[in-house]
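Since the structure comes first, as structure tokens, the remarks are kept for the end.
A, B, C and D label the chains in the order they appear, each numbered from 1.
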Amino acid sequence: MPVREAIRVAVVGATGYTGAELLRYLARHPHVRLTAATSEQSAGKAIAEVYPSLRGKVDLRLFAFDAAQVADHAEVAFVGLPHGAAAAAVVALLERGLRVVDLSADFRFRDADEYARWYQPHPAPQLLAEAVYGLTEYHREGVAGARLVAVPGCYPTGALLGVLPLLEDRLVDPASIVIDAKSGVTGAGRTVAAEYLFAEVDDNFRAYKIGTHRHTPEIEQEIRCHAGGTHPVTFVPHLLPIRRGILTTLHLRPGDGVDAAAIGNSYRRRYEGERFIVLSGDRPPEIRDVVGTNDCAIGWTVDRRSGRAVVVTVIDNLGKGAAGQAIQNFNVMMGLPEASGIDQLALVP
Amino acid sequence: MPVREAIRVAVVGATGYTGAELLRYLARHPHVRLTAATSEQSAGKAIAEVYPSLRGKVDLRLFAFDAAQVADHAEVAFVGLPHGAAAAAVVALLERGLRVVDLSADFRFRDADEYARWYQPHPAPQLLAEAVYGLTEYHREGVAGARLVAVPGCYPTGALLGVLPLLEDRLVDPASIVIDAKSGVTGAGRTVAAEYLFAEVDDNFRAYKIGTHRHTPEIEQEIRCHAGGTHPVTFVPHLLPIRRGILTTLHLRPGDGVDAAAIGNSYRRRYEGERFIVLSGDRPPEIRDVVGTNDCAIGWTVDRRSGRAVVVTVIDNLGKGAAGQAIQNFNVMMGLPEASGIDQLALVP
Amino acid sequence: MPVREAIRVAVVGATGYTGAELLRYLARHPHVRLTAATSEQSAGKAIAEVYPSLRGKVDLRLFAFDAAQVADHAEVAFVGLPHGAAAAAVVALLERGLRVVDLSADFRFRDADEYARWYQPHPAPQLLAEAVYGLTEYHREGVAGARLVAVPGCYPTGALLGVLPLLEDRLVDPASIVIDAKSGVTGAGRTVAAEYLFAEVDDNFRAYKIGTHRHTPEIEQEIRCHAGGTHPVTFVPHLLPIRRGILTTLHLRPGDGVDAAAIGNSYRRRYEGERFIVLSGDRPPEIRDVVGTNDCAIGWTVDRRSGRAVVVTVIDNLGKGAAGQAIQNFNVMMGLPEASGIDQLALVP
Amino acid sequence: MPVREAIRVAVVGATGYTGAELLRYLARHPHVRLTAATSEQSAGKAIAEVYPSLRGKVDLRLFAFDAAQVADHAEVAFVGLPHGAAAAAVVALLERGLRVVDLSADFRFRDADEYARWYQPHPAPQLLAEAVYGLTEYHREGVAGARLVAVPGCYPTGALLGVLPLLEDRLVDPASIVIDAKSGVTGAGRTVAAEYLFAEVDDNFRAYKIGTHRHTPEIEQEIRCHAGGTHPVTFVPHLLPIRRGILTTLHLRPGDGVDAAAIGNSYRRRYEGERFIVLSGDRPPEIRDVVGTNDCAIGWTVDRRSGRAVVVTVIDNLGKGAAGQAIQNFNVMMGLPEASGIDQLALVP
């Protein structure tokens, strides 16, 4: 490996769960020097005061976001702010010449109107054409030269990696897509609300936002982009009593004569050589297979009796669903080996 | 309340989780005297040695199953044995004049061949015509006079209570039924196997037996019975990292013009006066709403964008999915008030 | 059982976890009619909107606390408010002629100065002499005639029931008391704070407030009262990743010649006939033995090698540690059978 | 970093939880080539069939232990077998010229009689004098030249790292040591027994083996070795409903005038420069601070009222308590940088 100077990197919004996971990965990234971390609530504190597990490992003092100050320290910024706030920060950072990996929803949509329907009027629509949707396996070339990458939402990542090959290969009916997804609690970030208290979540399970979750249009956009046509999906998210991980069960209507072997071939062809896609065949993958990693594992079955295909994918929502995929995109963007800093093994058990 | 002599009741197979839940309910049932409890593995022990929470509350010594000995003590037996073993015990108990509530799969099927396809050759096919499928809300009249009631499986209970009214009222396409079910670990009983160890289940989640679970034909039998026609369902069970509870998400294709109001009306009409059905409208019910109870809560939505109906039901797999429903049937069978001994409130939080 | 008119009862502060547990018990109490429930935050809502598990079971509309309105509906009030607020409500309710069971810390201390040192200046010191400390097994006679009962704290209940008999019988050195206690999360009530989020508590464990927890002086007061002398204890609370339950490990120095048999005799003598004390001998009790009940289970060992006695007690912090004991006191206060409404069995598994 | 040839390493007993954690670390160790892994139960399977998270990451086929076969592949073996079986394997491996890091109890004792009292007659007493007790911070020099290192037990690691500095500096009374320890379930390995089922452990907590746990004499041996004198400790282990981690609460009687500052100075002096010891002062460390790492974090307080010192330590029982410390010793033994392959950050949240 040729000696290469470390890239100076900042994390904007470092104390949320996604921010913490970015720090965990970046602090051990072989080509990165972590130089700045911002937080509005904890400005002035050492990061180890907020995350004691970083004591002696990450020695940074948090400051309130200031684009100029970030630009003094870093060439690339990861932005882990809520939507809306993210766009403002991104604009300011790009103006100062940084390259940006944004983890919010702000730059995931090609169409400002679609964003407006589900979120709010878009604060920086002029950037939408430039931003690259960072589902790396599908937009790697765009990411390579990008100034701004939008990291996909966690649910869309888990759903799209499972469904897109089958749609591209016309193996399943695009009008038949049912996405029954189950997520760990950190998918909601570090939101301090009664519904996320331990005593409300432990030994409990529930569906929420049936048909109304904001990740729905993001999924449909990419289906349109990769398979053509407009196909509303049924998307039902559920809240699991676990910290990390999303398991997505896709219920699909296969075309005539499409069997499990055909589906397997489609995945193998599409994902050959992909470092972070694990094909597990007819063994449905489990969430713990991927916790702490950037992997997406995929299993599939065709139910002979009902004729439906059932695809199961798992990701770590903070890994491939957020911080891991952000760094994967960063690596591609900067010409680094794609697995740099994110080739860890799952923490099992 | 007129004074009534207590009914002497035995629990056959008392140390599994279903058995323990039967004891919990029956020990406080106002019209029951718990007189005998059997266990092969723990014969000779006091029940409180196996379940210390029963110390000072249930004072019974376990003995290995012996039909004559059970008959000496009891008029009614609850049988909580594995399939196969259950049938043998049931036959012996009926011969001695007891009435039986069986919690195994052995007497749930009308057709011995169907049982044979999914389990094994049926050990007592002569009883199938007599046995009543104890989904109380649908077979109450049959239960009232029965000598033998077969308590439905936990997954079928959660699925059928949600789907049957809509099929009966022809509101949804019977060919469209997708059952995405998630169960707590006690659904597998007290099986001592590596896959059910705490370190394998905690903070994990997985699908299993996709399209091959033995509860599938039971669901299809009742759909056939109540809605007519043969309709294979897609049934995908998952294992939740919780002890108790099943949440079933039903994905259904409604007929033209069928909206959430029509679905609500169907449920209200069908379940009017039902003590153990809780309709929660467009708020999807949560598992904890029913833990420790015999309730089934049902919520529903029609997703305007995709046109699909999404129904969510929750039960306690040891309550309405096993011991609770067993006692509900027992109450009906014996002419007791239907809620006797099972009108507890959920343990929240 | 002679027919007896139901006692009309109100729960003041009904939406916290203790309030919810009071409702759960009182709604099925055979001698109680639940007539009023207050909440500041959820005033105007039906209780089932806050706790869907109560839908169809408890039909009350919440109102903001108003002593006159409570007095219109009830003879007895359970007060589940934060300290300080509780005292104000108690004063107003007593003035209107109600009898009160208070679950806060406000009336647990005999000495207003001691309360002031650990909490704040006492808002109603004139009532301290009258209030009875409701550790029922130790103050039953006082409770019987009381107008105001102060329900002990959860940690003190678990510690005192284990240590007091041994101190009374002079079996252990009162200067040697180490209380290493572990509590489920509901011990902190329904506090919406980052530290109680699922993602912070799950698969985690920590000590907190070592030597500074406010339950310390309460424990010492009762030791002084029942064993004489002033003996500071070492009290180290920990937070368990469970919803309910406290396990208290007591490390004690026994007197010369005191063995496990002597300790067992002391417990048996002291707790003979006590309905809610379960002696489990040398098998240390587990938290789940008592979840959902009003029981306290006690186990004990003398470690021959080190000479120390180790006593383990378990309670449900919402049961014997709060709502259960509150109702036990209520039953004694009103001349009802002491176990009325609280003789449930633990939810196992 | 000078180029260095990778050391060929085998894991004997690779499918237990400790074995899996060894694989996780060793597969990413920069100076190691993982060449062999044995398993009696899963011989013939690919390791990824047992641990799907290793699919595509660790490509080894398991074989039943055979010393010659291991010797063909490796220079160093990590032995993760049950005690007894471990000694036999260690003898055979040493005979074939391998260096061995043993994770069982077999070579932790200097005195074969002590081992015999708590375990069984020692199968290879001739090796006890040579084996080095691998509490690295205390036996680094011995480890450096060792042929055989015995990795300490998980409980002893957590207790000794907290108590030894205070004993060496004579700050606390060695007759006063109370060790109240709480461990995650993987401390029991992958034992398939009813007591470790999810439904038995979840939302539960219990003490066990009070005063009789086999780690007791190991703790006492090291206290004798480093502080002199024979001092029986009170050791009370508890089982936490978490997968990984041990929190040890030490209750100690400090000498006259010993305050928290003196204790802090002792730790700082003793552990200066130690890479895997984290001092957290008066903030008690939490288990999650160290999950997935080789760290031990230590916090301390002196309770002014009772005069007792309370020390809290946390480790990951599979990390510093087993596989992590094993690799730390391996690194020292082989002259590698001590943190090679084990400098990961904790998985938070």
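In this text, a contact is a pair of C-beta atoms (placed from the backbone, for glycine too) under 8 Å apart; a residue touches a chain by one contact, two chains touch by 3 or more.
These numbers come from a predicted model, not from an experiment.
J.: When B-C is set beside B-D, which has more C-beta pairs in contact?
T.: Greater number of contacting C-beta pairs: B-C.
J.: With centres defined as the mean of C-alpha atoms, identify the chain lying farthest from chain A.
T.: C
J.: For chain A and chain B, what's the span in angstrom between their mean Cα positions?
T.: 40
J.: Report, in whole Å, the distance between the mean C-alpha point of chain B and the mean C-alpha point of chain C.
T.: The answer is 36 Å.
J.: For chain B and chain D, let me know how many angstrom lie between their CA-based centres, rounded off.
T.: Centre-to-centre distance between chain B and chain D: 46 Å.
J.: Give the residues of chain A touching no fewer than two other chains, as numbers and ranges.
T.: Answer for chain A, listing residues that touch two or more other chains: 17, 186, 199-200, 202-203, 241-244, 285-286, 288, 291, 349.
J.: Flag every residue of chain A that touches chain D in the complex, lowest number first.
T.: 17, 20, 24, 27-28, 51-57, 186, 202-203, 243-244, 278, 280, 283, 285-286, 288-293, 297, 343-349
J.: Across the complex, what residues on chain A touch chain C?
T.: 17, 185-186, 190, 192-194, 196-203, 241-243
J.: Where on chain A is chain B touching in the complex?
T.: Those residues of chain A that touch chain B are 178, 180, 182, 184, 199-200, 203-208, 210-211, 216, 232-234, 236, 238, 240-245, 247, 249, 251, 284-288, 291, 301, 303-308, 310, 312, 349.
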